[in-house]
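Just below sit the structures, each encoded as C-alpha cells.
Look for chain A in each of the two complexes below; its partner is chain B in the first and chain C in the second.
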Partner chain A sequence: MPPRLFVGVDVGSLSTDLVLLNDQGKVLSEIIIATGVNGAEAAEIAFDEALSETELTRGDISAVTATGYGRASVAFATGKTTEISCHGVGAHQLFPNTGTVIDIGGQDSKVIQIDARGRMLDFTMNDKCAAGTGRFLEVMADRLELDLGELSNPLNLEGETAPISSTCTVFAESEVISLLAKHTPREQIVNGLQRSIVNRIWSMVTSIGVQGEVTLTGGVANNKGLVLLLEAQLGRPVNVPDNPQIVGALGAAHIALKGYSQG
Partner chain B sequence: MSLAKSLKFKFMKDYGAPALLTFQNFKKRKPRPIPEAFGPPLKANQRLKEILTRHYFLSRYVPGVKKVAWVTSGAPVELLRAFDFYTIYPENHSALVGAKKQGADYCGIAESDGFSQDLCSYARIDLGHMLSGKTPAGKLPKPDLLFCSNNICQTVLYWYKAIAHELDIPLIHFDAPFVTTQQTEADVRYMAQQLQDMIPVLERISGKIFYLDDLEVILKRSMESSQTWGTILKEMQAKPAPMTIFDAFGHLAPIVSLRGLPVAEDYYHILLEEVQDRVARGIGAITEERYRLIWDNIAIWYKVRYLATFFAERKMNFVSATYTNAWAETTGYLDVKDPWNSMAKTYGQIILNNNLKHRLDLMKSMINDYGVHGMVMHSTRSCKPYSVGQFDLRKALNTELDLPAVILDADIADERVWSEQQIQTRLEAFCETLEDQVSAT
Partner chain C sequence: MMNIPNRKEYLQQQSQSGQQIMGVLPALYPREMLWAFDILPAEIWDPPGDILHANAHLQATICPVVKRSLEFILKEPDIINAGYLFPHTCDSLQNLATQVKDLIGVPVPVYSFYNPKGEFNRTTRQYYTDILGDFQTILEQQHGSLDRKKLSTACKLGHKIDSRRLELQNARMTDRLPLSNSEYFQLIRAGEYLQPEDYLKLLDAISIPDEPIPNDKARIMVSGILPPHPDMLEYFDDLHLSLVADDLLAGSRRIPRIKLDPPQDPMEYLTERFFLLPPCSTKAGSLDERFRYLNKRIGNSQAQGVLFNIVKFCEPELFDHHLMVKALKDTGIPVLSMDTELQGGLSGQDKTRIEALGELLRDRMVS
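Presenting the complex of A and B:
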C-alpha cells in the first residue's frame, strides 16, 4: 500500500506556502510563492508545483488543511484551521519544547501559548494596524531603497540607533523621511525600525506571558537583526526555524495528518 | 400647553399609533428565513417592535404637550417621570442607528463639525443627529432638558454640555462618586441630597408640582420591571438556554428607556411567561447548544446578526452578559419607603461605577451560575470605562477558572472600526481552543 500523503497550505497576505508530508510526518516538498491578487489561484499553483516536484497527482493526497487569510478560498482543501492553531502545531513539530510561539507575518503578528502537545492554550494578536508586521518592514525597505535582505543585517547592539517613536506605519514612514532628510545613516534608521517592531511585539509578549522555549515563526524571523534584538529583550535565545515562513503550512499539514488518522 | 396639541397627541396615542402598527403589520414583507442553527424565534419580538415604534412615533407629537428630556442610560429617570417628562434616550437611539449600519454617516457629520473620531460613537451619532436632524426613527423631539449621570462615564457630561450649549437648554447632572472599595454613607447622603435639590429645578422646567406619592408608584414599577428582567435573565441558566444574549440585547430596550412606565412592566411579564414556557418545554434559542459563553461589554450593534449566526452555527450560545445584567444588578437596593437613599445606592453602584474587583467577582459568579465554557470580550473604542481593565480581567479569569477568552477590538456603533477578516480569525481560533479544551475534559 502506498504511503498516505498530506498537504497543508497557508494562503497569507503576502505569500502562499505549502507543505507536503508523508504519513510519518516527513516533509516531501515545501513551496513558497507570492500570493498576488488571487489567493485561490496561488494555492492551486503551489499545489501543482509540489505535485510535479514529487511526481504525484492530486489523487495521491489523502487530506488537505488550508489556513491563513485565504483559507476559505482553497477549493482543494478538505478542512480549514486558523493560522494561529497551525503555527502552534508547526512550531511544536520543529521544536517540541516550544511553549511560546511568536509569529510575525505579513499582515499581522501574534503570540501563542501552546501546551506540551502543541495545542493552543491562549493567544493574542496585533490590533487592526500594521505596526509590528512584515508589511511595516516592506514599506520601510521601500522608503530606504533597501531590499528586505539588506534590512535584516545584524545590527551592532551597542551601536547608535535612530529613534522611531511611532508604531504607526504611516507616521513611522514620515519619521524615516525626516531622518533621511537629516542625513541620518541608514544603518541607524534600520536599527530604529527593528527596535520599533520588537517593542510592539514585546507588549504582546508581556500581555500573555512567556512559558517554555520561544520559537519565532513567519517571514520576519528571517530578519537577523530583529532576532538579536528580540533575544536581548527576552534575555534568552529563541528558536528560529530554517524556513520560518513555512511553519503555518507545516502545522496545517500535520493537522491534516492527525485529523485523517483519527478518522 | 396648547389644547390643540394636546388633543392631537391624545388622538395619535389612541388612534394614530394603533393604525400605524396595523399598517406596518399589513405591509410587512415576508420574514427573513431563519438559519437552521436557530430555534424558533421569540413571539415577544413582535410586541417589542410595537412598543418601540409607538414610543418613537408618539415622540413627534409631544412638543407643546409634555416637556421632553434627553436622558443617559444610567440616570435616575424615576425622578423625571414624577414630573411627566417624555424621555428620549440618545444612547438607545444611537444603538438603533448603529444597528441600521448608519453609524458612520452620523459620526461623519459630528466629525465634520470638529468632534474627534476618538469620541464615543454614541455621542458622535447623537451630535450628528442634533446637527443634521437625521434619524431612522422619523423625527425626534427637541429636548427641553438634558439629564445625565457620570455613573456610566465622564463623556456624557461633556457630550450633554455640547448639546446644552448648542440648543441653549438646561442640563442637570447627577454626580455619582466612583466606588473604589465600597459605597460610603457620605456618598449616599451626597447623592440623595442632589436628587432632592433637583426638585425645585424640575418643577420650574416642567411646570408641575412634585408629589412624593407619584415617585413612590414609579419607583415600585421600576423595581418590579427590573426584577422581572433579572428573572428573565436567570431563566437563561437553563440548558438549553431559552434565548441568546443577542436576543436579550434587543429586549433590553424597554428596561433602559421606558423604565418606570406601565408599558415596560407589562412587557417583561409577557417575555418572562414566554421564556419560562420555553424552558418548561425544553426549547432552546439555538438548535444544538454544546458550548455556553458569556459576553462582556456593550453589543456591536451593526454585527449582532453576524455574531449570533457565527456562534449558533458552531453550536455555541451566549447565555449571559455583564451588559444585560446591568439593569437588574443593583435594583434590589430600591425601596419605596426610602426613595432618596435607595436611589443613591442603586444608581451609585452600577457596574461601570464600581471597581474592577467587584466586576471580577460578579463575572466569576455569573460564569459559575450559568455554566459558562468561554468568554468573548468586546473591547470597544467608544466605552473606555467598560473596556479598561479587560486584559486584567481576562488574565484573572483565565488563571483562576481556566476559562478560554478572546478580546475583540471593535466599536459599538461605528462600523468603520470593524475588520471582519481579523475578527473572524480571532473568533475561529477562540472556537478551536474552546473545542479542544472542552473535549479534553
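Presenting the complex of A and C:
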C-alpha cells in the first residue's frame, strides 16, 4: 500500500508556502511562491508545483489543511486551521522543546505559547497595523534603496543606532525620510529599524511571557541582525529554522496528517 | 423567528404618533421613571453610518460611543422631542453633556443623572434615593406632576422585564435558549428603544425548554461595555462558539443579579434594583468584587474562555481590563481581548484571533 500523503498550504499576505509530507512526517516537497493578488490561485500553483516536483497527482493526497489569511479560499483543502495553531505545531516539529513561538509574518506578528505536545496555550497578535512585520521591512528597504538581504546584515550591537521612535509603518517611513535628509548613515537607520521591530515584538512577548525554548518563525527570521538583537533582548538563544517561512505550512501538513490518522 | 422592529423606523413612527421620546446615552438610568412620565427612552449611541459631523467637536482619542452619540444628536434632531439624558457613566460622556448643552446647543432639554460611584453603603443608598427625587422634580418642571400610580405600574412592568431577562440569561447559561448568538443580542438590545409593553411581548414570545438543547459548541463568556459587533456574533455562530454568558454594560450588567420581590414602594424598589446590578467599571467599585462576580458567572455558565470586547479609548473599562485579564489567566482561563470601533466588519486578523481562541478551547475539550 503506498504511503499516505498530506499537504499544508499557508496562504500569507506576501508568500504562499506549501509542504508535502508522507505519513511518517517526512517532508517530500517545500514550495514558496509570491501570493500576488489572488491567494486561491497562488495556492493552486504551489500545489501543482509540489505535485509536479514529486510526480504525484491530486488523487494521491489524503488530506490538505489550509492556513494563513487566505485559508478560506483554498478550494482543494479538506480542512482549515489558523496560522497561530499551525506555527505552534510546526515549531514543535522542528524544535520539540519549544515553549514560545515568535512568528513575524508578512502582515502580522504573533507570540504563541505552546505545551510539550505543540498545542497552543496562549497567544497574542499585533492589531491592525503592519509595524513589526515583514511588510514594514519591505517598505523600509524600498525607502533605503536596499534589498531585503542587505537590510538583514548582522547588527553591530555596539554600533550607533538612529532612533526610530514610531512603531507605525507610515510614521516610521517619515522618520526614515527625515534621517536620510540629515545624511544619517544607512547602517544606523537599519540598526534603528531592527531595534524598532524588536521593541514591538518585545511588548507582545512581555504581555504573555516566555516559557521554554524560543523559536522564531516567518520570513523575517531570515533577518540575521534582527535575530541577534532579539536574542540580546530576550537574554536567551533563539531557534531559527533553516527555512523559517515554511513553518506554518509544515504545521498545517502535520495537522492534516494527525486529523486523518484520528479519522 | 423574532420580529424585532427596526430602531429608526420604530422611533419615527412613535414620534409621528405624538410619543415623547428622550435620547439616552449609556447606560444606567431610571427608565421606569421616564415611562411614568409617558416618555419613551431611546438609546442613541450606536447609529449606523459614517461619522461626518461629530469629529469637528471632539478630540481624536474619544471613544466611538461618544462620537456616534454626538453624530446622532447632530444628524437626527427630529426624532428626539423630549430631551437628552446623560447618565454619569464616564467623564467623556459627561463632557459630551456639557458640550451638547452649553457649546453646541440643542432645541430640547439636556439632563444629567449622576449615578453613585465607589463603595456602596447606607450613604450611597440615600444619595441614590435623593437623586431619583431630584430627577423627578426636574422632569416635573417640563412634564407636570408625577402620577404615583403610573410610577408603580412602570416599576411592575420593569420588574417583569427584568425577571424575564434573568430567565433568558439563565437559560442561555444552561443551553436551554433556542436563539443564536446574534438573535440573543438583538433581543437584548431591542430593550434600548422599544416601549416596555412591546418589549415584554417580544421577551415572552421566546419559549424556554425544560431540558438543555444538546450541542458540542465551545463555550465563551464576553465581557466589556458593548456587545460584540453583529458580524462577530455571526462569526461565533459560524465557528460553533456559544456565548453562554456575558458581563456587558449593555447586557447583563443591567439585569439585577437576583429576582427582586414585586415592587411595593416605587422609589425603594428603584433604589434596591440599582444596588442589585452586577459590578461595573463605570461604577468604580471594588475590582475584587467584579472578579468574584466574573468567576461566578464563568462557573455557572461553564464558560471555557473569556473574550474582552473593548471599546477603543474606553477609560473606565481599560483601567480594569489589564488586571482582570491577569487575574483570569492566573486561574487558567484563556482570554482574548479585542478592540471594537462599533461599526465596520471583522478584519482578517480579527477572524484569525477568534478562530484561534476556538481552536484553543476545542483542544482543551478533546484533551
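Everything that follows uses one rule, which is that the second predicted complex is superposed on the first by the 263 of 263 C-alpha atoms of A that agree within 3 Å, B and C clash if a C-alpha of one lies under 4 Å from a C-alpha of the other, contacts with A are read in each partner's own complex, and residues count from 1 in each chain.
We take it that contacts are C-beta pairs under 8 Å (C-beta built on N, C-alpha and C of every residue); 3 or more make two chains touch, one makes a residue touch a chain.
Fair warning: this is a prediction, and the values are worked out from it, not measured in the lab.
Undergrad: Should chain B and chain C be called a clash or a fit once both complexes are overlaid on chain A?
TA: In the superposition, chain B runs into chain C.
Undergrad: Which partner does A:83 contact after superposing on A: first (chain B), second (chain C), both, neither?
TA: both
Undergrad: When the two structures are overlaid on chain A, which partner does A:21 contact: first (chain B), second (chain C), both, or neither?
TA: Neither partner.
Undergrad: Output the chain A positions appearing in both contact lists, the one against chain B and the one against chain C.
TA: 69, 81-85, 108, 119-123, 125, 127-128.
Undergrad: Quick one: in the complex, what on chain B touches chain A?
TA: For this pair, the touching residues of chain B are 391, 398, 404, 407, 409, 417, 419, 421-422, 425-426, 428-429, 432-433, 436.
Undergrad: Using the touch definition up top, name the residues of chain C that touch chain A in the complex.
TA: 329, 334, 339, 347-349, 352-353, 355-356, 359-360, 363, 367
Undergrad: Considering the complex alone, what residue numbers of chain A touch chain B?
TA: Chain A residues touching chain B: 69, 81-85, 108, 119-125, 127-128, 207.
Undergrad: Please name which positions on chain A make contact with chain C in the complex.
TA: Chain A reaches chain C through residues 69, 81-85, 108, 119-123, 125-128.
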